[in-house]
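Next come two complexes, and both contain subunit A; in the first it sits with subunit B, in the second with subunit C.
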Partner chain A sequence: MEPIERDLDSAEIRLSADPMLLNVGPSHPATHGTVRIVVELSGETIVRCDVQVGYLHRGFEKMCERGTWNQVFPYVDRCNYVSPMLNNVGLALACEKLLDIVVPNRCQYFRMALGELARISDHLTCTAAMAMELGAFTPYLWMMKAREMIWDIMEEETGARLTHSFGRIGGMAKPPTDGFKEHSRAVMAHVTKTIDEVERLLLTNRIFLDRLENVGVISAENAISLGWVGPCLRASGVPYDVRRAHPYMKYGEIEFDVPVGAKGDCFDRYMVRLEEIRQSARIVEQTLNRLEDSGPINVDDPRVVLPDKHDVYSTIEGTIQHFKLVMEGVKLPAGEAYGYTEGGNGEMGFYLVSDGSGTPYRVRIRPPSFYVTGGLEHIITGQMMADIVPCFGSLNMIGGECDR
Partner chain B sequence: MSVTAKLFKLDDREIPFEAGDTIIQAATRAGVDIPHYCWHPGLSVAANCRMCLVEMMPPPGRKAMMLEVARFDSASGTYVKEQKPKLVPACQQSVAEGMDIRSNSSDHVIRARASVQEFLLLNHPVDCPICDQAGECRLQDYWLEHQQTKKRMRDEPVHKPKAVVFGPTIVYDAERCIACTRCIRFCDEVAKDPVLTLRQRGNLNEIAVAPGRQLDNAYTLMTEHVCPVGALTARDFRFKARVWFLRSAETICTGCARGCNSYTDYDPRQQKVYRYRPRTNETVNKHWMCDDGMLSYRRITEGRITASSVEGQVVEDAQAVERAVSLLRGIDGKKLAILMGSEFSLEDNAVLLALGRNLGAESFFESGQPSGKFDQVLMLADKNPNTAGVQALLDTDPLPISELAQGVSSGRFTHVLSLGTTLKEREAEESLALQKATRIAIGSHQGALAEGANVVLAVACWAEAEGIFVNVGGLAQRSSRAVLPPSGLEPAHQVIAAVAHALGQGPKQLSLSEIRATIDRDARELAPGTVRLARIALPNLVERPVLWGTQLGPSSDQSGGVQSGYLESSLDQSSQDQSSQDQSIGKVRFEKNRGASL
Partner chain C sequence: MAKALIDFVSSRFPGAVLDSHSQHGDDTVVVDPKVWLAVHQALRDDPVADMQMLVDLTAVDFPRHLPRFEVVTHLVSLRLGHRLRVKSRVGDTSGDNAVIDSLSALWASANWAERECFDTMGVTFAGHPDLRRILLYPEFEGHPLRKDYPAELTQPLVPYREVENIGKLPPFGPHEGMSFGRQTHHLTRVADTAKD
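What follows is the complex of A and B.
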């Protein structure tokens, strides 16, 4: 280090009494997405802030309008890319609503099991990253290890770890593998054990608790008026879960609890997610018990589902069916439909408009992240600069989903 | 249609009809689709495909005619006796007032369609991946709409001849053929060349060419066009492109003065035109086009001038324009001969005419293609799409070309400005007289007038620019742009406008609507009844631009431009009187009938 040679008098530091304008992001270690937060600081307290999203906007709703309906699945994979299976299923449900078809029970349980596994991986990622950003690196590695196991299941079932493109209108790309149940049960046992250990490690840590408790508080009224959904809304005490409020697939017959918070602070949001992992594990167990080992996975509707490959190569009927479905796409009846699913961050809505051709007229996605991120300004104003990190982490903004 | 239209019921919907209508005609006119293979609005009724079967309900108080049938009951494994109504083909059954017809609402009809479709696919080969019809094939469409079942027959399908060469343009695949006889009827009724027939029976049934003959009349490609499946394919189009990659532009065929309405099918990725297809216009070409016209898409790329040149040296377009301007600046208008382009659009010619008049030119000639073969169906001897438009703009016939040659040799004309590069009279092209003059040629294709010209201004051709063409009957029809011009060429009216601008005559850029408005204003200002231009009924173009290329307004006179001698051919007799979807956009009327070349 160079010695300070300057005279102390001339080095007198004048601290301005004016608020300081500081730019955080769009690329910043604590913003695990590209988001820009412009804050006005008085000392270390945030007096005003401006949250700017859109850095990951790829215009994929527009891109959807040039392929067939089934070609939308790869796009929604890249919405909430931490739990793409939930998006796949949500889109499939919306398309099936427009077609007025219901997939076989086996497919429904398969979709639910995969969806809950995806939710666990989503929550593991969020809670792990949040802990790490506050300095707790060990639980991060534990949870990442558990997430890796879930992604192994996904890889086994779909062939891809992250962007599965596994949903199909009228079913799934493939039936479950033979080892699916056994594999999932083994992983669930490990996941719940990991969660217990993480909880023991973090909830006895004074620093961790001090950074979360009473930080980033939002009331139930404000959360609702901001359009919040999902774990963040439930942390404020509103027991709204699409799976319970508007049961789709077979959620109506499954036992699970909807955890809610008391204060709506970062700690509540953290705890809600941890508890939801346990609840998802319960759901996975129940769906695995109900999942039949054989039977059709796709609907029996030639307008929607690809024919058997043997038929395609050997009969003209199969060839024509394949040609029409691949080249022109599944023709959804003209009209509109809103399909929904409880995504990793809450209600993921798919509002579809079809003109009766094989190509989407409009695909509008209601991303839970967008509305939740809209509340970031509200919860960090008045907090300390350092509180941005746990607040932003607890909202779990996923750029792909928020910016689309 | 009379005010109190007669009605019948189709699926509980009241549908008007005219005397003599069949069910399918009235339904089609009302926008209701009844599936069919063998019926074609321009051909006689064969009623052999049985796809259009509908249920005719008995009059009130009468019993329906029922047939005893045995239905296989898969549950018990036996046949059970059943009754079903006798269905009637919608293409053949004439409509009577108060008739109650069930199409989509009848289970019997739905079952019949599925059965017919299954029957037609029974021996069909697995050819979609190698078939040119795939993507626009009725068998594919109707399988999805009306059958949706898998193959039940486990036997080897019947094999028949494939890739049979029918003639210079058409190849036949008997395995794909459903024997609808559309091609046979087309040759008999429209082309008047009964060269095709059916031979054999049952599943050995196939189309055959008359012994000692080939399918080689002037309308062979129409047999491929009417074929609802992939049995007949055009040798020109075979294995060249996949139809789902093609886009269609609504165009006018520039092969002759008939102005047949066509689709230009092109691949937007390569900006390449693959084929023309007829576009139905009952008042011009009905549903047909001739082979020469269909294949004239090749001329879009053949023999093109792709770059402007000065004294034979390729230069930038702007430089060529500059050179043309310096040649034209300050010349004596009387010494300037202008050749209007009967191969170019009305807008191109209007801008050229304005430039010529402003320069003081008095002598207007005409470039174009020489006359060719003609027949009694569609083909006209005049091979230029806009002869009538040029005449209407000039308000008189263009001067004879002999006068041009004479004028150049005598020194009366020192400058020749031509739109187009060929002359209708080939001999005049060959005469060396023109060489003496200073020549500026604006053109898209190579020709005698471009050879050795002082300045050649390369422009876009018909497929690369929007424009109006006035056909022999005086119908002004819009042709839209299909592909982009090669190497960024501009349409002729833009290039001419640039020349005029440099000469201080007007704006540098002229939009098509501005040009059309000018044509229209000129037409209105001149006294009606005395000048031909006054009778270009272009108001439709200007006042209701949204209707361009779709329909004439109800107030416009639809019969005026279409006179005897114009389409007085086999077309009128063979095709049934369909609702006329007139896609023209305005018309030019003449005292004398311009279709006399027939």
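What follows is the complex of A and C.
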């Protein structure tokens, strides 16, 4: 490298007054997930920006058109990979809407309990990562520890920590294990304790508050127009929660509150997620109380549910039924249906078009993250460069779901 | 409740509603593409419908039908709690002339949704402010969600991009960031001084 020869005191350095283009990402420590943000800076203020997604595009919707309906479940697992159970349940509900069947009560409560556990792990990941990106490493480790406990439950129930592929059309792959209730209650106690500790640590921290409050503000009208859903929309003061507005499964009979924010800044989004963890813990407790210890988990419908293994090996009817369900797949009646549930980031929709065969004709996943990330440009324009980190973190953009 | 929305659209746009159904509880109207924008405008602004949010916009490919593509939107009213699916059919059998009005002036969410639909299905949205690919890269050939796009197809290797013609993509010009050596700074300063 050449030596520094300049005499900085005597020579006037002219800095360019033109706006500077800066490239953030696609792989950047502040973007957990692959997203590229090209910003035009005037000083440190963002004048214009262009958010570019698609780095994790794997062509799910095309792949879904090549297998059977039940083979879609592993794909949706990999959409929102921090709360895959919610995607599994959402797809199962959409397929069941097309089939006009309702699963037994025991299965519904089991799905709700698992789904709320997944929601807690989703919110824990988001809040933990956001705190870590702003320099608070201790709460991150505490929350990751709590999340790991939830994933231990998932592993015990489904056999996989992360990509469960546990949903089935007309039920679940397995009934709950004997220790499910006991373990869930123990973990819920730990999670709520962790949240209290994290709150005590972070909400008295001046640096943390200064970086979140009044940063990335969005009004309710803009949030609705951008198609925002879930915690991000509720932080702007719109109490829209699919579980409350259009109750599915047994959410209509469960008591829980829908937390809303006042301003719609990063701090509100953070607090809404923390409060939703507590509400989810309430829901888990109520569903565990209603979950029966015995009873059918799958619908009694030979068109959609695999027969008992004993029947497969001992009767010709069972063998044929098993063969047809595996080789041809569950046949969903021709038509279209839009099934929507409250995923980790808001309304997770599945627009299914069936031609009556065992193979999906079109599976459109309505990704909450995609629309939320579409609003990133809106909230960071006019902010400082350093504000990208809390803004992006508070949106909880999940690459797999956004890019599919 | 539900049927009321279908009636609302058919009374406001007589003759433009080609079909309607309520399969599985989802109310659906199929409208003429000519009134696509007007129907959505009415659904958003009329207090009877009050569709504040465009939940989703996508397209379905039916290669044996004419028109070929079904563009589908899902709308929801947060205040009234009702939903409606609006569909319209565009495009000839070869996939050309699939043009429909953009809804991005009505809902901001239509911006990215229409870009994705253009990217994966090849439906063009007239009046869209920034219609470029979003999930795939600019050099991608074809539209992968069309039924005549083979899933096994391998895309050609993209050559290195020419820097000058890329516009805002990096690497940037001499004035802008990413200058890794002192030589660059030096040259910049000389160039600035020479201008004065």
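The rule is short, and it goes like this: the second predicted complex is superposed on the first by the 393 of 404 C-alpha atoms of A that agree within 3 Å, B and C clash if a C-alpha of one lies under 4 Å from a C-alpha of the other, contacts with A are read in each partner's own complex, and residues count from 1 in each chain.
Everything that follows uses one rule, which is that a residue touches a chain if its C-beta (ideal position, glycine included) is under 8 Å from a C-beta of that chain, and two chains touch if they have at least 3 such contacts.
All values reported here derive from a predicted model rather than from experimental measurement.
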Report for A:Thr138: first if it touches subunit B alone, second if subunit C alone, otherwise both or neither.
neither
After lining up the shared chain so the two structures overlap, which partner does A:Thr319 touch, if you call subunit B first and subunit C second: first, second, both or neither?
first
For A:Arg362, using the defined touch cut-off, is the partner it touches subunit B, subunit C, both, or neither? Pick first, second, both or neither.
second
With the two complexes superposed on chain A, say which partner A:Gly375 touches: subunit B (first), subunit C (second), both, or neither.
second
First (subunit B), second (subunit C), both or neither touched by A:Met327
first
Could you say whether A:Glu347 touches subunit B, subunit C, both of them, or neither, answering first, second, both or neither?
second
Could you tell me if A:Ser219 is touching subunit B, subunit C, both of them or neither one (first, second, both, neither)?
neither
First, second, both or neither for A:Ser27, with subunit B first and subunit C second:
neither
Per the overlay, which chain contacts more subunit A residues, subunit B or subunit C?
C
Over in the complex, which subunit C residues touch subunit A? Could you list them?
23-26, 28, 52-56, 58, 60-61, 72, 74, 78, 81, 83, 85, 107-109, 111-113, 116, 120, 133-137, 144-145, 149, 151, 168-170, 172, 175-178, 181-183, 188-189, 192-193
Across the complex, what residues on subunit A touch subunit C?
1-2, 4, 13-14, 16, 18, 20-23, 38, 40, 50, 52-54, 57, 59, 61-63, 65-66, 97-98, 100, 222, 224-227, 238, 240, 245-246, 335-338, 340, 347, 349, 351, 353, 361-362, 364, 366, 370-371, 374-375, 378, 403-404
Counting only contacts in the complex, subunit A reaches subunit B at residues 302-303, 307, 311, 313-321, 323-324, 327-328
Tell me, which parts of subunit B touch subunit A in their complex?
121, 124-129, 134-135, 139-140, 143-144, 147-151, 244
